[in-house]
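Structures for review follow.
The two complexes that follow have subunit A in common; it is paired with subunit B in the first and with subunit C in the second.
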Partner chain A sequence: MKLRRWLFALPALLMVALFVVVPYLNIVLMSFRTPSATAIYGPGFTIQNYARVLTDSLYLGLLKDTLLYALATTSICLLIGFPVAFHLARTDSRWRGLLYAGVLSPLLTGVVIRCFGWIVLLANNGLINQLLGLGGLGPYRLMYNPVGVTIALVHVFLPFMILPVMNSIQSVDPRLGEAARTLGASGLRSFVRVLLPLSMPGIQSGVILVFVLSASAYIIPMLLGGGQVSTMPTVVVQQLMGSLLWPFGATLALVLSLTALALVALFGALTKRAMRRVA
Partner chain B sequence: MKRFPTALLCFIGAVYAFLLLPIAIVIPMSLNAGEYLTFPPQGLSLRWYVSFLNSEQFTSAFVRSVGVALVVAVLSSAIATPAALFYVRHLRSGREKFRLTMLAPMLLPEVLTSIALLFFFNQLFFGTGTLAPLVIGHVVITIPFVFLTVTSALYNMPAGVEEAARTMGAGAWTAFRRITLPLVKPGIVTGAMLAFIMSFDNVNISLLLKPLGTSTLPIQLFDYLRYDFDPTAAAVSTISLTLTLSVVFLIDRIYGLRAVRF
Partner chain C sequence: MSRLRIEGLNKAFGGVVAVQGLDLDVAEGEFVSLLGPSGCGKTTTLRCVAGLEEPSGGRILFGEKDVTRLPSEHRMIGMVFQSYALFPHMTVRENIGFGLEMRGVSGTDADKRIAHVLETVQLKGLEQRYPRALSGGQQQRVALARALVAEPELLLLDEPLANLDAKLRDEMRFFIRSLQQRLGITTLYVTHDQSESMIMSDRIVVMFGGRIHQIGSPEDIYNHPASAEVASFIGQANMLKGRVVESRDGVATVETAWGRFSCSTNRPVAVGSLVTAMVRPEALRLTNGADRSDFSGRILARHFLGNVVDYRIALADGTVISVQAMSAGALPAEGPVSIKVDQDKAWLLQ
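Let's turn to the complex of A and B:
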């Protein structure tokens, strides 16, 4: 009887085991294989790929750049996303449903289309430069550089910050903030000591989501960077598709993912301590 | 009493504009009669839609994308729904482990999953000569979304209705078919629609797993935008946007967008 019930979960478990677990183990294995000029990989195993990534200043620089993009994107998303999340959680406006859809719809719109929208806006002859031109300014170079890439990264991943933070703020009783104010705390103090710590779980998941997603973004740096901006994912895909350097590509991808994971774990540990202190 | 300071409301308005403007902008662009992406548009015209319809590459990619997304939506909900039922109704121990396993594809970076699958299919299977690896990749990454929506539908079911049916003599299967299924159907449909959208818009998985020489709509658009900005891209974007947003609208009608959580 019990066994028959497991049959329900079997297809899903098989899918995840066969097409997630096994391929991920395989990619780890691949990163230790020897490169070969004639086949996908040569015989035997080596740590040479890792040694190359971790000693070559080119790849270390790429890793640093990628993580800086992710860090900038995450910080900006948190700064501009928090007020929106707060408003969405607390408003009783009749437009609330529409506002929610406004946050959710970008998430459900293809990333290529959103990049295209930014190209239309930011190009040298794009909307923003044309408007600035009317005032006798510009044209400024707004894309094919780190600025354009960062703007698009923030745009694409902002909903991933707003939604979890909103959920978190919703579960905070508004009267707690009012109580703090009544007891004499300033607005800022009530925010820092009451709302911020209590919405920490949402901030935590938002930060982790945005950081991981923007560190592994490929399409955005490709389109808004226009070949002028290289990040780890763009180089990895290049290695895999163009030059078919699979073992090395696997190593690059894993080093990036593991570094991002380590930073996320560090962030988790730090915020956990901060949360305990205020609790 | 005013709940929000005006300055805050202005800031929030600006953020909404930032969120929506880049998406909305493609619509007037696609209707522009002019040759380049100029703004304001130089008169209305449907010429870029004609140009889309005349492009074999774009139309075949569109048809392929819709087909793949439909197959993915059906497979993904067929696979994830029973798992959600099992998780909510029967699983007693190791629940968190099971949940994490189901959500794993959503939590792992898509690009990494895509690379892992590329290696996997080429080394251990038949390579990426057909659409099968791409469909499998899409199904894997959409399973968590169906799992989440069905799970939340099951939790929101009124307590005890199933037992009530059983007490009044319905068999297990009848109770499931007549009581449980209709009640969780909105969850399943929402999940399937999400899976459709995710698959239809997917780039990361499709880019590496597509068969050589064919492409899906987002990939075709991506390749196109790397070299060319003519408003055909705007027409394609608008069509794809319309499709996606009508599905979002349907979800909202059927179940309410609040059900869509991440």
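Let's turn to the complex of A and C:
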């Protein structure tokens, strides 16, 4: 019986091993290679790549910026996603299906198309600035800067926050909030003491998903940053494709992955207490 | 002075009327049940009193104070929900302490009150458990303790026993009632279970389709139902139709196709009018012989119910009635039988 279960999981395990574990090991290996001007990497191994990333303020700054984008995106997604998730979870409106489709809509087209959509809106002569212009305002610089990148990141990753949070809220009995009210809690206190802790499983998943996805986003900072915004992923691709510095690119990618992983673990540890009580 | 007063309460949900022109006074320390089938508006009424629904019309007063627009958290009520609605992420102690904390009671005062209420509901020793580690009956007691600990002016219970198994439900009926009497707390109780409301209440409010059909003591409702609907919702009832041939001093004699009988009434009825009398199955007496009985019938079936025996009896015109007699001296399972109506227990319906 147990063996049979394993057999069913085998195709997936093989896929993961082949396309995730092996490439990752390859990247780890690559990050210890020496650079070469003529081949992908030179002879022998070195830790020089790591030394460079971890001591050069340019790369540390880049890492900080990337994580700040991810943090900002995650916070904004949580802030604007929670009310939407709450409404979707609790509404009995006949438009529920439509609302749901609306939430999923950012996932319906490719990220490149969506970025061009934002360019149309945010450009100096784009729709938003034209409208502001009618009121005698602007034009404001809304893209090729951190603002544009953050707007697009939030738009693209918002569903990854809303869906898990909505699931969590759906599993919370609406009577709990009412019970809190009858016991003397204001709407705000009822939210903070009852709904919020009980939605933690969804908030945790959503925060981790959005954080990891936005920290590793490449196309959005590329297109909406227009070369003015650098993040770890854009620099990694520059190293690989532009400078053909594969070992150093691999190191940058790994440092980003490990830092993000460490932050996720830290977040998990901080929310562990709340999670244990909910589960 | 009434502790709770509901005046002309109306509540509609998007055009669907749930409660219509409901008036009710509940005295200090009284236990009043709202009884009716599902969808009769009893829960909506309770939720309006709790401040969880906003009335479409009418007023709700606690004592002299109009609370119609007062948010739930300022009403000083304790409410027990059908699902208990215990906070799953809090221990028993934290669940019970929640209401105290919200009302600014803390420290040793809170500890003392929690310990006291835990003793009252017999849950000592379970303070650190989470609700999921409790049985249904224990969860029920925690919900009660949580509702009572802040000493509310009014206790509201929404079908609190519906999720318990039969034996525990019987126990909890007596437990809640005696607790309520001991604390002297004014209580509004919602149920669709007529025997539950009979056992527990000082007065019962019978509701159908968003309106009150009758308010009265359990005895009153059972013996003197205001309508055929009330009569058949509360226990079993035989409806006997006939024409009044004599009426005096609260007694009416009714003539039917199969004989005549007398019943009580609280109103003057005109001789010759068509009426329906409600006779409880235990208000009919069966005899073998042809003594001075009111009418006769034929036994169709006999069912042993433990404390009583239930007979299905066909009358001359085919009407089938139910008669319950004590087991002793049981009659045969079929055949002719004489029936006598207990005049005090037969009631002329409006």
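In this section, the second predicted complex is superposed on the first by the 261 of 279 C-alpha atoms of A that agree within 3 Å, B and C clash if a C-alpha of one lies under 4 Å from a C-alpha of the other, contacts with A are read in each partner's own complex, and residues count from 1 in each chain.
In the analysis below, a residue touches a chain if its C-beta (ideal position, glycine included) is under 8 Å from a C-beta of that chain, and two chains touch if they have at least 3 such contacts.
Everything quoted here is computed from the prediction, not taken from an experiment.
S.K.: For A:197 in the superposed arrangement: first (subunit B), second (subunit C), both or neither?
M.R.: So A:197 only meets subunit C here.
S.K.: With both complexes superposed on chain A, which partner does A:250 reach: first (subunit B), second (subunit C), both or neither?
M.R.: A:250: touches subunit B, not subunit C.
S.K.: Which holds for A:270: it touches subunit B only (first), subunit C only (second), both, or neither?
M.R.: Neither partner.
S.K.: Identify which of subunit B and subunit C touches the larger number of residues of subunit A.
M.R.: B
S.K.: Could you say whether A:184 touches subunit B, subunit C, both of them, or neither, answering first, second, both or neither?
M.R.: It touches subunit C, and subunit B stays clear.
S.K.: Check the residue A:47 against both partner chains and state whether it touches subunit B (first), subunit C (second), both, or neither.
M.R.: Touch status of A:47: no partner.
S.K.: Please report the subunit A residues shared by its interface with subunit B and its interface with subunit C.
M.R.: Common to the two interfaces on subunit A: nothing.
S.K.: Sort out for me which residues of subunit A touch subunit C in the complex.
M.R.: 173, 175-176, 178-186, 189, 193-194, 197-198, 274, 277-278
S.K.: Can you check the complex and tell me which residues of subunit C touch subunit A?
M.R.: 50-52, 71-75, 77-79, 81, 83, 85-90, 98-99, 102-103, 130, 146-147, 150, 156
S.K.: Which of the residues in subunit A come into contact with subunit B in the complex?
M.R.: Residue list for subunit A touching subunit B: 5-6, 8-9, 11-13, 15-16, 19-20, 22-24, 26-27, 30, 40, 80-81, 83-84, 87, 90-92, 97, 99-121, 123, 125-127, 130, 155, 158-160, 163-164, 167, 209, 212-213, 215-216, 218-219, 222-223, 233, 236-237, 240-241, 246, 249-250, 253-254, 257, 260.
S.K.: Name, in rising order, each residue of subunit B that touches subunit A in their complex.
M.R.: Contacts found on subunit B: 3-4, 8-9, 11-12, 15-16, 18-26, 29, 36-39, 78-80, 82-83, 85-87, 90-91, 98, 101-102, 104-105, 108-113, 115-120, 122-124, 136-137, 139-140, 143, 147, 194, 197, 200-201, 203-204, 207-208, 218, 221-222, 225-226, 229, 233-234, 237, 240-241, 244-245, 247-248, 252, 257-258, 260-262.
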